[in-house]
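Two complexes follow with chain A in common, the first pairing it with chain B and the second with chain C.
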Partner chain A sequence: MSSRPGVATRARPSAVPVAPARGRRRKRSYVRLVLLLPAFVSLAFVTIYPLGFTVYASLTDWNLFNFGAPVRFVGFRNWIELWRDQNFLIAFKNTAVFVLIATPLTYLVGLMVAVALDTATVGKRFFRVLFWLPLMLSSVLVTVVIGRMMFDPFVGPVDSVLDRLGVPQVLWLANPRTAMMTIIILQVWWGTAYTIMLLVAALESLPPELNEAARVDGAGEWRAFWEITFPLLLPVSSAVFLIQIVDAWKVFDIINVLTGGGPGTATQSISLLVFQQGVQGGNISYASAMAWMLTVTIAVVAGTVYWLSRRWTD
Partner chain B sequence: MSRGISRRQLLQQATGAAAGAVAAACGGGALRAAPTAARAAQDGGTAGAKITVVGREGTIPVLLDNSQDWMAQTGITVEPVVVSTDLGRKILQSAVTGAFLADVQLHDDNYGADLYARGYYQEVPADVKGTVGWDDIVPFYRDRLSGWQGKTYGIPYDGDNMFLTYRRDLMADPAIQERFTAAYGYGMDPATGPKSWQEHGQYAEFFTGWAWDPSGEEGYGLSSMWKRGGGLFWAFCSRAAAYAKHPGAPDFYFDVETGDPLINSEAFVRALTEWKTEMETYAPPGALNFEWANGNDQLMTGRVAMVNYWADTGKDAQDPENSTVKGKLGYHLTPGSTDVYNPKARAWETQPEVSHAPFLGFGGRNFAIARDTKQAEASWEFLKHACSPETTLTVSVTPGSGMDPVRESQFNVDAWVNSPFQWNPDEARSYLDTIRANLNHPNLVADLRLPGWTQYQDALETSVSAVLAGSSEAQGALDQAAAQWKSITGQLGGAEKQMTYYRDLLGV
Partner chain C sequence: MRRSKGAWFFTYGVLTAWSLLLLFPMYWVVTTSFKTRPAISGGATFVPWVDFDPSLQAWRELFSESTDRWLPFFANSLIISVVTAALASVFGMMGGYALARWRRLGPFASAQFGFLLLGQRMFPAALLALPMLIMFQDLKLLDTRVGLILLYTAFSTPFAVWLLTEFIRSVPVEIEESAMLDGSSRLGVIFRITLPLVLPGLIGVFVLVLAGAWNEYFFALVLTFSESVTVPIFLANQINQTESVGWYFVSAIGILSSFPLIIAALVLQRFIQRGLVAGAVK
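Right, the complex of A and B next:
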């Protein structure tokens, strides 16, 4: 850089003494440090310390209800125990199924609605607000009011419609085979709003000339979408997908309120198990190991998706 | 290997922030510092003191409505901190994290061990015991559930126990009687309902699938709490008690000598298998999701003929706005069995008569004073009033209080007949006699009250729920729960320590 004559001249004007410039830079770096300090402190206390502490806790036998006994270091016993624990394995499988189905569905439905909203000629603003509404609802409202009400086998509109179509009554949340499906439907409905919002913004930022040129060259709507629009949406899509995957692995509130992990263990998720073991059961060490296993899983999956999306978008 | 750091130190270092958050979540009012006036009152008398009291929704407002005169008289102000759900766990979290929740606390008995063992409450002074009529309290609650290791920390206020509530009007109907006798070869007994689980199954079968209620809707035999986290633990244990509790042995959850869990014995397996069949065959659709009151509501709305639940059923039924069965109910001990499993001999035995094993599920609630209160004197004054026989009776017969009899003086039929419930005298007598028979039964089953009890509860509920959902077999699932119980016991100090507490609870 310094070999470029213009740059060197601008960086060090001969009229300005060197020492004061260095002083100003030092002062600026102090200012930067001072400005960054609150962020560092909060990061240390809110993120780094708890993370470090849970790693430590996962290596002990700390149980809140073993009152008066010393905390012992047990190495990786809790981590190994996880893979022998049927409840954890079931929760892991359930969560993976939830992620594998809910995430692509959320994206696909979101993409379809976003494209429809982008191409709509009337009521665009109204429908946009309508589809974004779920974003403003709390999880408790979604699960208790909408989830329970919609899927109530006796008074819910879903069963009422099915009844008119001649479909026998479905006990959505009381049947192990349909409970997870119900939760996935709810998650898709709720999570789609976020996907729609980001994809609509991305669609609006695309230059219309590319699509117009493709049309002039004879491409139909479908071909123009797959060969022009969709590839251009990929960077945003991969970000949306990544966020939805991370979110889905941590699913907790919908399940906790709607089924509590049941019927049986049909909807037990890892986050719910961590809550039950750690917060309700006081088994802090085991819950910490479980939480870390979830974190590692999310990191691996998210890293893989990121790597794949980079390869794809490049 | 011991690291030389105590749990208390670890907690203090690590959970300070969590303590604040938990306490804040439990009720902002509870975190307020004691007012200046109240602090001044500490030095000279209690007039002007302000105290906080935490308890369940329903109970505390009713109690405070009945404390207005007392407050005016003493100059002590009582501020409620009402928790609508999961009161027990919230109090426990405040105990574990060291957060101050309220001066006076009405806690669930299941958590007694966790709360009392860590010295979270003050010991009940002798003069308070004298004032509140200590000897009036039913012995089991007074002697087994109010203290820990010989010290008294709580004053029993709510006496939970489970029994059968059934449609006496239907069972006394001659036409229905005739139909039942024709089908099963014996008559229904409207005075007791089904006495054994075998009879119970036949009654349930009989009432399933036809419109016996004036509403004209198809009825079902029974209801219960089959949802995990929604009362399943108590409903299942009550269902299993007659098989699993041998009249000659104190053991129920554990072998009291070895600490081995008994929840995977043949008795529990049989109970679970039958309970699942009942749910699938004689309960309304969606029963797998029935929890707490909505299991009970099935009886209130004339949809089922029987429910094995707490004493709330009888009181809820008296409210004509929410019940179609006022004056139509009968009460009796939870059905028993002539087949009883002997855990020592590991074999079934046939009893000469039906053996009942009433289950004191949940155990009720005690009032206690927080160790860290700055208003101890005013708080004890409040409990002298709140736990007096007179106030306790008034609160328990008030709709919505959710408090069940815990004192001899509450078994007063006139008080219930003349209460806002306006009970039918015969029904009130049947109701109170059943509760009294439960509490004085020689084969009663105490609920689990050990340190870390929620871990045992969750493990059993998860396994039972998996069986009910059809994803596991009963024996395998209960074996898994038993293995988890063993592991939990190990984590909580070992069988010897836990069984010392269990034997204390059983009085052996």
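Right, the complex of A and C next:
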């Protein structure tokens, strides 16, 4: 920054002209390294080590409960085995269905609420504060309170209200279809807060003259939104979509607390299967292969969405 | 700007609907915590004094008879999340300062490095939990608070570094340089000038990391089983019992576990939102 070799050399005997400058530079890079050391160690601890470990484990037949048995290298057997495993295929399908429904729904609800919030005149502050509160709640609390207590067919208010409207009792978690629906509802309830917040921030950064100009030109509000505001939101929208997609593929908390994958295998997700087989079942090698398959899927889907959004916005 | 009637109805229709969807569960938890067991199991009751007689039973039980049923878990969560937030804030300031003030780090540009820090968010917890389980077993960290603190700190530090880099970069380096010309040391300048200026960002990071550690479920589930069980695990266990669930107790615990964070969120919302928005979009 302020160390200039030229300044240093002038004050020193000519025999060792560069030494002080170099000494200073070395000291600075040492400070830099110390400052960044916790970040480096963290990355190694939560990324490099686990990634290397699971790649290695996925190529072996390591099982925690095979005490004393030597761990053998089996190549890509686990990775191939996956695609013949009904459990994995069902979990994969369930997770894909969950992502395909929950992500667009979260975005659409979020967009609607964000636009409404942006155009509100009265009570804006109140709604703003209320709408982002779910972000501070834990996934477990939301699942326990809404998913288990409120959707309970006997003590919950949801079925009680439906009953008064003449709808026969719905056993939400006992039926495969409604169980998945409940999980999607929870994800949308919880995840929309983040979407709303990001979209509102984006809407507020747009110049207000844009809409006024469109209205002077005689465009209706509906058209003004789709032709002017919405395209300007695309970069943020694609970021929001990416975040939601990546999160939805990993879904675990809601399902494990709410249904444990049931009824049967109707709500089994990939993360849940990895937990059951790797942590509870001790089959580290096979679970590693499954978890990697999930990671590869996330990377491919996120990459595709990113690529599409770039082509679309350019 | 004059707005059409239809647009006005859209705005307030959507806002009212979404508010009700958010407020009703909160209303339900609060009222349930004032119900007795018969008032719950007899079917849904909605309005206090009309449908059911409110009772302080759950709260009395919570604070007098059965404190040891929940207090240890709250203590675990409190210690783990506060220490994690403090460590991540300090590490975040250190790393953020380095990335903001030096353009290059060896062969990498600082910006590239910042991107690398965020890459870890893509990896599913399911993938990372397996090696952690083995490592924790080998290091005798299973079911310890220290273990969870180390893990959560390691997960939060890259995020904290990245977020604080943005904030520190917005403080002009000239301010620091002129203070250093006046004879202050760099460390003195950081503490007396830079730190107060990035305090909003630092508070945001602290609360976000705190909330993350307080609410975390997956790793706590894999890595703890009795001594260092945290609140989310405790809460989830309440409903997986075979006997009928004490909903009034669960509701009271739920309120108790989320109340501090909601208050913090209300008071500090500006700081936290800035952090959340910056964390996603840039």
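FYI, the second predicted complex is superposed on the first by the 275 of 314 C-alpha atoms of A that agree within 3 Å, B and C clash if a C-alpha of one lies under 4 Å from a C-alpha of the other, contacts with A are read in each partner's own complex, and residues count from 1 in each chain.
By definition in this document, a residue touches a chain if its C-beta (ideal position, glycine included) is under 8 Å from a C-beta of that chain, and two chains touch if they have at least 3 such contacts.
Keep in mind it's a predicted model, so treat the numbers as computed, not measured.
Engineer: Output check: A:246 vs chain B and chain C. Expected answer is one of first, second, both, neither. What do you get?
Structural biologist: A:246: touches chain C, not chain B.
Engineer: Per the contact definition in the header, classify A:53: touching chain B only (first), chain C only (second), both, or neither.
Structural biologist: Both partners, chain B and chain C.
Engineer: After the superposition on A, what does A:91 contact: first (chain B), second (chain C), both or neither?
Structural biologist: Neither: A:91 stays clear of chain B and chain C.
Engineer: In the overlay, work out which of chain B or chain C sits against more residues of chain A.
Structural biologist: C
Engineer: According to the stated criteria, A:233 is in contact with first (chain B), second (chain C), both, or neither; which is it?
Structural biologist: A:233 sits against neither chain B nor chain C.
Engineer: Considering only touches as defined above, state whether A:32 meets chain B (first), chain C (second), both or neither.
Structural biologist: A:32: touches chain C, not chain B.
Engineer: Have a look at where A:264 lands relative to chain B and chain C in the superposition and call it first, second, both or neither.
Structural biologist: A:264 contacts chain B only, not chain C.
Engineer: Which partner does A:199 contact after superposing on A: first (chain B), second (chain C), both, neither?
Structural biologist: A:199 contacts neither chain B nor chain C.
Engineer: Using the touch definition from the top, say if A:169 reaches chain B (first), chain C (second), both or neither.
Structural biologist: The first partner, chain B, only.
Engineer: Once the two structures are fitted together, what part of chain A is touched by chain B and by chain C alike?
Structural biologist: 53, 154, 279
Engineer: Can you tell me which positions in chain A touch chain C when the two form their complex?
Structural biologist: Touching chain C from chain A are residues 1-2, 31-32, 34-36, 38-39, 41-43, 45-47, 49-51, 53-54, 57, 109, 112-113, 115-117, 119-120, 123, 127, 129-141, 143-146, 148-150, 154-157, 159-161, 189, 194, 197-198, 201-202, 211-212, 215, 220-221, 236, 239-240, 243, 246, 249-250, 252-253, 256-257, 270-271, 274-275, 278-279, 284, 287-288, 291-292, 294-295, 298-299, 302.
Engineer: Given the complex with chain A, which residues does chain C contribute to the contact?
Structural biologist: 1, 3-4, 6-7, 10-15, 18-19, 21-25, 28-29, 32, 40-41, 43-44, 46, 91, 94-95, 97-99, 101-102, 105, 116-117, 119-135, 150-151, 153-155, 157-158, 161, 177, 211, 214-215, 217-218, 221-222, 231-233, 235-236, 238-239, 245, 247, 250-251, 254, 257-258, 261-262, 264-266, 269, 273, 276-277, 280-281
Engineer: In the complex formed with chain A, which residues of chain B make contact?
Structural biologist: Touching chain A from chain B are residues 1-7, 10-11, 14, 89, 93, 96, 114, 117-118, 227-230, 285-289, 451-452, 454-455, 458, 462, 465-472, 480, 491-493.
Engineer: Spell out the part of chain A that touches chain B in their complex, as residue ranges.
Structural biologist: It is residues 53, 60-73, 86-87, 153-154, 169, 171, 173-176, 260-266, 268, 276, 279-283 of chain A that touch chain B.
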